[in-house]
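Some notes on the structure that comes next.
To keep things simple, chains are lettered A, B, C and D as they appear, and every chain counts its residues starting from 1.
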């Protein structure tokens, strides 16, 4: 889990396998390397080419209550406007050097908007989504289309789309933002452009459905015509009712003896782009999992990292050698090639279904596009 | 519109451009060709390589009343069972030599099932769908999954899936079948296998939704796990309510001043495979169009042929130099590169909306897969 | 192997399985069908939906000597010019009604050009190629790029490219043309446009390599820039030396104990589009097979049809229940789902290698694009 | 060009646009963030979401003479064997913290093998290639296939292929290795496995062509059968003769007045996978450019980074605000969105052609697979 050292500090290592015998000549050679801005492979290979991924990130849990409390404080102290752009507070993985990176590729933040506030319009190449664990009242305006945000809604927003937020309610609202900021930061692909400081009056509507849903939100049906293609999903909101029904249907099918669930007691859907049937964003996969009370998922690891948020229910999750009891809103990260499993444990305070609903997003599309994906479930590598 | 003659009858043609001067030697040469089973290009090129497609099919209209009456007679005279397999009666384009081909690539038939009847299980490589213009009571059992059939429902069924029908009602039911039988007959790709003569008791259920819809019928959501992949759409029913809502949404968006419709007063959706976002069947495209009363579509022609059925409303359709007033259930064909347009004309007997709803299917996926698609709208070639 | 009858003649069949009992009412019903241009499935299903493809075509062999002799006669009697366009003489499968169709989807013809003759420029959507079994002296000018034609060369020419031929030699030259004329005739996708009657003086050059080869004929290397994309392969000539070397390399690898050949003694290459790595034409696959003396290929059948020409050597080929001894230039057809195998039998008159070299083209890309491909080798279905 | 600081140091910034007014409450809030492992967006957005990519890497040049001299010293001091695995010495971009990363995604190293030495077999998910700027005598054994390495040869080797090197000559040999080590290090996709310590005697052959070339090295021809598919190109060597000829052909075409070159005096080929026509490796693009004496390329920038090596000739290259005179073997990096141009300046010591031949590799396939590619040539954004 250690990070590559900042500099050629390993050059002095002599005990590692395959290292040359120390000598004055060797020391002189190493000084030559340093002078010419060179680093040998043989001192670094253990870190750079490990037998399997050893993530620079560690498993970690953030409690929703703590996040929400700090976000609310920020709501009263930090204005939202051009320059800072958003009142978003990001998870900083403890072993990623204090950077606001939940994992080496993924950004996860709580965003908070006070009653009547607007977050100014901008666009960027980073792919983003919003997921609402509680509350309502904010509309995200994407390409001038106001998209409602209610509990359980998932709002993808592919790179380079203009977007702004406005809180039409008389109370603050929080949600989480997921982006590929660290990935684009590492690969250096980013462009950013500020938009209008204020959205138009006609964009301040608070419709129950966005226009994108009216065009693209009908199962198995695509419009023959419509707005110009955006990169990423043209469907800007995946409403909770649909997701809930899809999960309930899978569990009911299983009870009737038919296929549908991932494993016993474990239903799951992937948010998909209705124009391509692929992932909802080019660099981010998002899914909702439902685990029935008493059920447990098989430990599974995969290349690439993921962030989870408990949407509903209670349970216990295990990430590598860490394990936590979790409840609504709690967020945790699963680093690359670290095994993850969850068990659903209904508690008195849970909602009716009692199931553990886990929202998750990952960088899997990057790995699959490049042929770097590997998965292992309970010792069976796929 | 003429068909290639059966035999080298054109060999005697002397007036056509580019033909050699008649002589005894030429006659002897042509006899040599005939003897050796050869045919020259220069006598055939006009038919084989026309400046633009000249379809062997002609525009034609079949009235639903006439079809239904004959189908009902067949219901009383013709049993359904192994060998004949289905009580299906196909449209035979008047210029395709009496063959049961609506167009050179498409089959369209009315199928009829008496109360309590079963159509035996079989499977074939031909891709098929059912579309219900009126009635209910029959379930199509695909891969042991009973799929309801109600007015407006579209049921795709990709090649090589086992399927049977059973009429659970106390009245007969009719619907249309669309298949790529002529295409597979010409290219010689067909396989056929009879299945069980009787479906299982557990497959005689009459659920309101098929299992396929419970897994795949949620907008923008795909199951992580599920039944083994079929060729073609895993969604076996596109229920009318969804289609109707999607069309109404498009027209409402247009009225509000937003994009969405194909052209003024003309909404349309394409049935799509939720696992690929492509066409619902590898060789067949299916769509539903809604034209508001008083609206007219721009004349449009394209390579490949189509069959239309009026689902609701009344209007006038023009196909090349033919034009008909049409009403519910009427079927007509649009041959390759023949212009088509429709105008919606509400009549007293129409349903509330008054719009002209046109169901259509075509061979467009074949043309697109091979790069042979061309479209021309009002003189603008795309 | 029978063809669908031209008309509803089967309506009177009473002995076939699944047919209704004859009666006056049934006869009246059948008259009603005929009047309304309808045909029932139950009388036609045996032909339309057979258990496996039963080709309308039959295996047949054309001897090169006979073709060449007639082509030469045509060279003296039939001019080449606008209208007739080409002095091409097509194989007419004996069971396809006298039409110039080698198979239901493929056209194969011998083309013949006298010394100094030009074939006028035109373009068409039909995909085409030339293959040269003997001779040289003609250049095909594709998009103003003169492409040489020598023994063993393969020249693909995707649809809608302008092309002309000119014979720069002092002797006649023959070659074969392969096109998808029957396929486009059935699906009605054709467009045709005449070009200039005479090609420019600068296009009369007789370079040893076409410009297309200079840009695209380097293994594993593609130009960063170049002429605008054509549909189909940008490489307009696959010179024999390359093909010969590739086949020799495969057989040599096999002798050294390494993989490479299709089966013992049987090497084969597929002509591929260097810009896509797919088939050289959207609707036509072309390959060259080399069978060492004494070797025999496993009987293999597949959906879709093929035409073969013996390029070199001698042997015996078996197509379904037909079998012929064949030599240089002989052409034969393999209908859909009819088994094919070949044995190489060196004869005294053969060239040095003694191997049987078989050039073949088929409609396989159509079947693969639509998921209709099936293959069976010695009873093992793939 | 600065790197994100290691820690929340920006939290105290108060003058940046969009920052909240300092106060005790704000300080307390920021302490809360730190305690809970959170970082706000508003203090980091300038670094994370710049208006356009600001690379963490800088342009830099490494002289071949200096590299070669140090590599030779290492040849005498550092053994090659299991553990260290390879005598490879990597370029360390001066602003990437001393890590052996030429750019944030690319590794570039000189590898050196003494006479008779073997580098042990291993495999890894990192994609790799070798490029030979001078010398010969080493064979890279990939999947037991010995592949020769001569001046100008390019040897791709996709991830997870077993490979070893052996120097069959009586003199040392150097070449460059390119890999996606930094990219896989950041995304954490790496697997590594040691192989046999010694390759078999039968793999010590020194054939003039690898078996891969005999199967896949024929232009536009693919074997019907062959070894099991590897990830990445099945062609393991792109011999210099082919590359040289392709570049010469492009320049000759331009002189004759035909298209083919990228811009006047600038020819270029891309190494491509003959099985897919795509890039030769899933994460790495490789190309060879030839610039005629006196010609200059238009300044061009693109997302993603590249490494260049001068293969032949002399010239002057400009990377952002840096500019160097370069000669054979010199290596330099072009960071993301930094403009690059080159001018060819023949010098007395150059080879016959006098052209400047530039080999380059980049991470472009990553950007294109994810839709993150952007290019700008002389102010024209594509």
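Everything below uses one rule, namely that contacts are C-beta pairs under 8 Å (C-beta built on N, C-alpha and C of every residue); 3 or more make two chains touch, one makes a residue touch a chain.
Keep in mind the model is a prediction, meaning the values are calculated, not measured.
Peer 1: By label order, what chains touch chain A and chain B together?
Peer 2: Touching chain A and chain B alike: no chains returned.
Peer 1: Using C-alpha centres only, name the chain that sits farthest from chain A.
Peer 2: Of all chains, C has its centre farthest from that of chain A.
Peer 1: Go ahead and note the Å separation of the Cα centroids belonging to chain B and chain C.
Peer 2: The answer is 30 Å.
Peer 1: Suppose each chain is reduced to the average of its Cα coordinates; what separation in Å results between chain B and chain D?
Peer 2: Each chain's C-alpha centroid was found; their separation is 53 Å.
Peer 1: Between chain C and chain D, what is the gap in Å from one C-alpha centre to the other?
Peer 2: Averaging C-alpha atoms per chain gives centres 44 Å apart.
Peer 1: Can you tell me which residues of chain B touch two or more of the remaining chains?
Peer 2: Touching at least two other chains: none.
Peer 1: Note which residues of chain B are touching chain A in the complex, please.
Peer 2: Touching chain A: residues 211, 214-227, 233, 235, 238, 242-243, 245-246, 249-250, 252-253, 258-263, 268-278, 280, 287 of chain B.
Peer 1: State the interface residues of chain B toward chain C in the complex, per the touch definition above.
Peer 2: Chain B residues touching chain C: 4-8, 16-20, 23, 25-26, 29, 32-33, 36-45, 47-56, 60, 62, 66-67, 70, 73-74, 77-79, 81-94, 97-100, 104-105, 109, 124-126, 159, 181, 183-193, 231, 282-283, 303-305, 335-337, 363, 365-367, 369-372, 374.
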